[in-house]
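Below is one structure, written out as structure tokens, with a few remarks after it.
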Amino acid sequence: MTGTSTGVFSGLRNWLLLPSWLVIGVLVLSPVFIMLVYSFLTKEFRGGVIWDFTLAAYDQFFLDRGLFGDEPPKMEWTYINIFWRSIWQALLATLLCLLIGFPTAYFIATRPPSARTVWLFMVTVPYWVNLLIRTVSMKFLIRDNGPVNEWLLATGMISEPIHLINTPIAVQLGLFYSYLPFMVLPVYAAMERYSFSLSEAAADLYASKWFTLWHIVIPSVRPGIIAGCILVFIPSMGAFLAPDLLGGARNFMIGSLIEEQFKGTAGNWPFGAAASMILLSAVLLVLLYYTHYQSKTGIAKN
Amino acid sequence: MTGKSQDIRHYSGFLPISLICLVLLYGPLIIVMIYSFNDSPSITVWGGFSLRWYDEVFHGLEAPKFKKAAFNSFTIAIMAASTSTVIAVCTALAMLRCGNFRGKAVTFGLVSLPLMVPEIVTAVATLIFFSTIGFKAGYATILVAHIAFCIPFAYLPIAARLQGIESFYEEAAVDLYASRLQAFFQILMPLMLPGIISGFLLAFVISLDDFIITNFVKGAGVETLPTAIFGAVKQGIKPNIMAISTLLLMLSVIFVTLSYLAGKMGSRDKG
Amino acid sequence: MADEIAIQITQVTKFYGSGTDSTRALHDISVAIRHNEFFTLLGPSGCGKTTLLRIIGGFEDFQNGEIILHGNSIKALPANKRPVNTVFQHYALFPHMSIRDNIGFGLKMLGKNAAEIRERTDEMLDLVKLTEYGHRRPAQLSGGQQQRVALARALAPAPRVVLLDEPLSALDLKLRQSMRHELRRIRESLGMTFIFVTHDQEEALTMSDRIAVMSEGELQQVGSPEDIYNNPANIFVADFIGQTNLIPGIVKATTADAAQCQLAGGQSIEVPLARQPTPNRGDTVKLSIRPEHMDICQPDSDSAQITGVLKEQVFLGTDMQFLIEIDDSILLMVRLQSTQDSLHRWNPGDQVGIRVNIGFVRLLTS
């Protein structure tokens, strides 16, 4: 009944909404629109734009017209490959996070309440720690002469340092490490609402444990799993720190590509804006699928 | 239940995976913390316990640079978190206490947009926006960008808390002749306080930690702690960086503990 | 003075939503509540009683109609300007304030000075017998004590009308019964108008001066507890208040003071019309006969007005309940006090006669 009654603050609604509309409208919505416009402008060499509308930025992303731009257009694979690598790395990171995150969330949900709080607290703390510091820590740890290699060498398990830094594996490790808490928390939230009497009912009806896990538990917590996957996938896709600090120049992801367009004089703002728009579109597609999934399964927002 | 294997909720292998999860999350951080107390200037050889790198952070050659960066970081974080918390409280009141209205879903989408869009896209858009309107990059641009970015982080815990408070409290206040302002400040706000505190702390940490957006909109010469650390890391990981990292890390732990305690205070008050 | 009207509600109608998918919450409600009256809104959940109370309190809008409080329209007044206070269903005590501060809140908002607030708060604590608890927090009190604080808080500003929204529903049975007394005592000592919402008919019957029975957003009947119980205006009221047998029948003949009715199954009974409207000949009616208004006798005795077959008897403690089949599908429920000697004279399967206290039989057409 509360939903339809006249709230005490109802009369102030528009005033209460004004600040967020203003701030989000001016500082988020209009910038995205201007960015869209920029992606159709001509670049200026000192880092900036000339107000001439052109498709050059998108052309540069997808098509190769030779060094002087006079050859017949072919597919330009450089940027598409970077984009593809971003998707691939993000998918892999999502999968890894799920493989570690789901059992962890499940395990936490089956602890007694007091232990549960401690576990949750432990998983939450890294989420609050500066991402930069965490990435730097990872870089420090896996360097050629970092503690991991030193230790492995000292114990005689390896004779040569394992070269990880500046490889795709290092980037993957960084992404996985950065966003793991994003997987555990929503899956846990869904697990917490799961009624274990369903598992008991399945066992009572002769289902094996792993059958129960796959056919009863996972379908029940699927909304949490999907939310976790999206929370890992989207920031992984646009990640900048992990590829930049752990991957080096040869493991560019789209985040690094975009960043490069706005740094110094080598930049190309329209191209950077176009790449951002392409990334944004990919993300919006994922979110669209998500809201479609939500409305299809009738899962409430909370 | 006679034993673990009888417990149908128990899957062998999930405990080791959970422990691996914790080791992965904490291992790198703990090792950096340990090495920040390393006396040896070579960052990988252990040379005994020392606080020399902490001394260098505060009194060394680069100390003024980091102190300036820390000052910028903290002042921006306080202002951005306060502003976004106020905006988030207003928005939460409108979203949860004003019935259904057209544009409610759109507003929720808008408010959570910065959470959904990759940060680098927000950063690019904000940079282009400031450049278009001719807003000179620097301290002010960082602050303004942080306010917008922090709103969803402040909003979520505040809205969650408000959702748990039945609307009969403010109705009772108004029934007892309180004006809407009195009903808010004397009744609803004290009840929302745990959510407001955790919203503020979350926004504060998000602002303090932000690298990508800050890096885009800061302009030349103005640094925050993350951008200063990033700049230094590009020259190689030196022990003083590990000391600063450890300090920031401890700060985050303090904040998460505070926010946790705020939440606990809330659940105790609810009864 | 006694008949002065405290609240005059005229043709209040409320819809939720708009256009084609709107739902009707209240339809054309008109009722006058007297000053100093204990007035109860009674009905099943969803009947609109709480909505009506919230409209009086100022927490809900309504589309049509008027509400006059002691001669002045309060339709346009916001809740904080109405001299009406509410005891909320879940008390809504402010958890971060002491009991004293809770009780004094309304006076503080009215701008009373500290001494006056202190004095009145003491008085209220005394009234609800919680003098020693003033410095505690609500969470430190039991449910019944919280309930009394909620009442004291609503009474403190001395409103013209107190609204009570199912205030006893969260209490256990014993506490609920003693709180009924308490509420009546307090109201009588203060002389205020109480409007009380409940779905519990026993509560309504024992406490109220008058009851308004509501169903599906409409007012069914307004009257004293006895009136409502003994002279239900329609089938809904008869069925909702207490237990009754509703037997289908047809009016065969009417005289000035009685109607001859044929029950389904063919038996006839004569019903006096002294306290009810005269039906038309040929009307299909339901005869409402309460289980306690019947007695069992030998089927061939002169006093047997109806006969049937005893199907089942159930021991209920103070009463014994008999189910008697008077036709293929019609079971009549009869209740006798268990102290009667004759209780065990009949066995299931026996043919029995039923003596009806026909002065209490109602003929209901809707």
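Note that the chains are named A, B and C in the order they appear, and that numbering of residues resets to 1 at the start of each chain.
By definition in this document, contacts are C-beta pairs under 8 Å (C-beta built on N, C-alpha and C of every residue); 3 or more make two chains touch, one makes a residue touch a chain.
Bear in mind the structure is a predicted one, so any value in this text is a computation, not a measurement.
K.L.:
Farthest from subunit A in C-alpha centre terms, which chain would that be?
P.N.:
In terms of C-alpha centroids, the chain at the greatest distance from subunit A is C.
K.L.:
Of the chains shown, whose Cα mean is nearest the mean of all protein Cα atoms?
P.N.:
Answer for the innermost chain: B.
K.L.:
State, to the nearest whole Å, the distance from the C-alpha centre of subunit B to the C-alpha centre of subunit C.
P.N.:
Centre separation, subunit B to subunit C: 55 Å.
K.L.:
Compute the distance, rounded to whole Å, between the mean C-alpha positions of subunit A and subunit B.
P.N.:
17
K.L.:
Taking each chain's centre as the mean of its CA atoms, how far is subunit A from subunit C in angstrom?
P.N.:
59
K.L.:
At least two partner chains per residue is the criterion; list those residues in subunit A.
P.N.:
In subunit A, the residues touching two or more other chains are 4-6, 8.
K.L.:
Give me the residues of subunit B that touch two or more other chains.
P.N.:
Those would be 166, 171, 173-174, 180, 183.
K.L.:
If a residue has to touch 2 or more other chains to count, which residues of subunit C qualify?
P.N.:
Only 59, 79 qualify.
K.L.:
Which of the residues in subunit B end up touching subunit A in this complex?
P.N.:
Subunit B reaches subunit A through residues 8-11, 13-15, 17-18, 20-22, 24-29, 31-32, 35, 43-44, 86-88, 90-91, 93-94, 97-101, 107-108, 110-111, 113-114, 116-122, 124-129, 131-132, 144-145, 147-148, 151, 163, 166-167, 170-171, 173-174, 180, 183-184, 205, 208-209, 211-212, 215-216, 226, 229-230, 233, 237, 241-242, 245, 248-249, 252-253, 255-256, 260.
K.L.:
Which residues of subunit B touch subunit C once you look at their complex with the stated criterion?
P.N.:
166, 168-169, 171-180, 182-183, 187, 190-191, 269-271
K.L.:
Mind listing the subunit C positions that touch subunit B in their complex?
P.N.:
So the residues of subunit C in touch with subunit B come to 57-59, 78-81, 84-86, 88-90, 92-96, 105-106, 109-110, 139, 153-154, 157.
K.L.:
Please output the residues of subunit A touching subunit B within their complex, sorted ascending.
P.N.:
Going through subunit A, the ones touching subunit B are 2-13, 15-21, 23-25, 27-32, 34-35, 38, 48, 100-101, 103-104, 106-108, 110, 119, 121-126, 128-134, 136-141, 143, 145-147, 150, 177, 180-181, 184, 196, 199-200, 203, 209, 212-213, 234-235, 237-241, 245, 255, 258-259, 262, 269, 272-273, 276, 279-280, 283, 287, 301-302.
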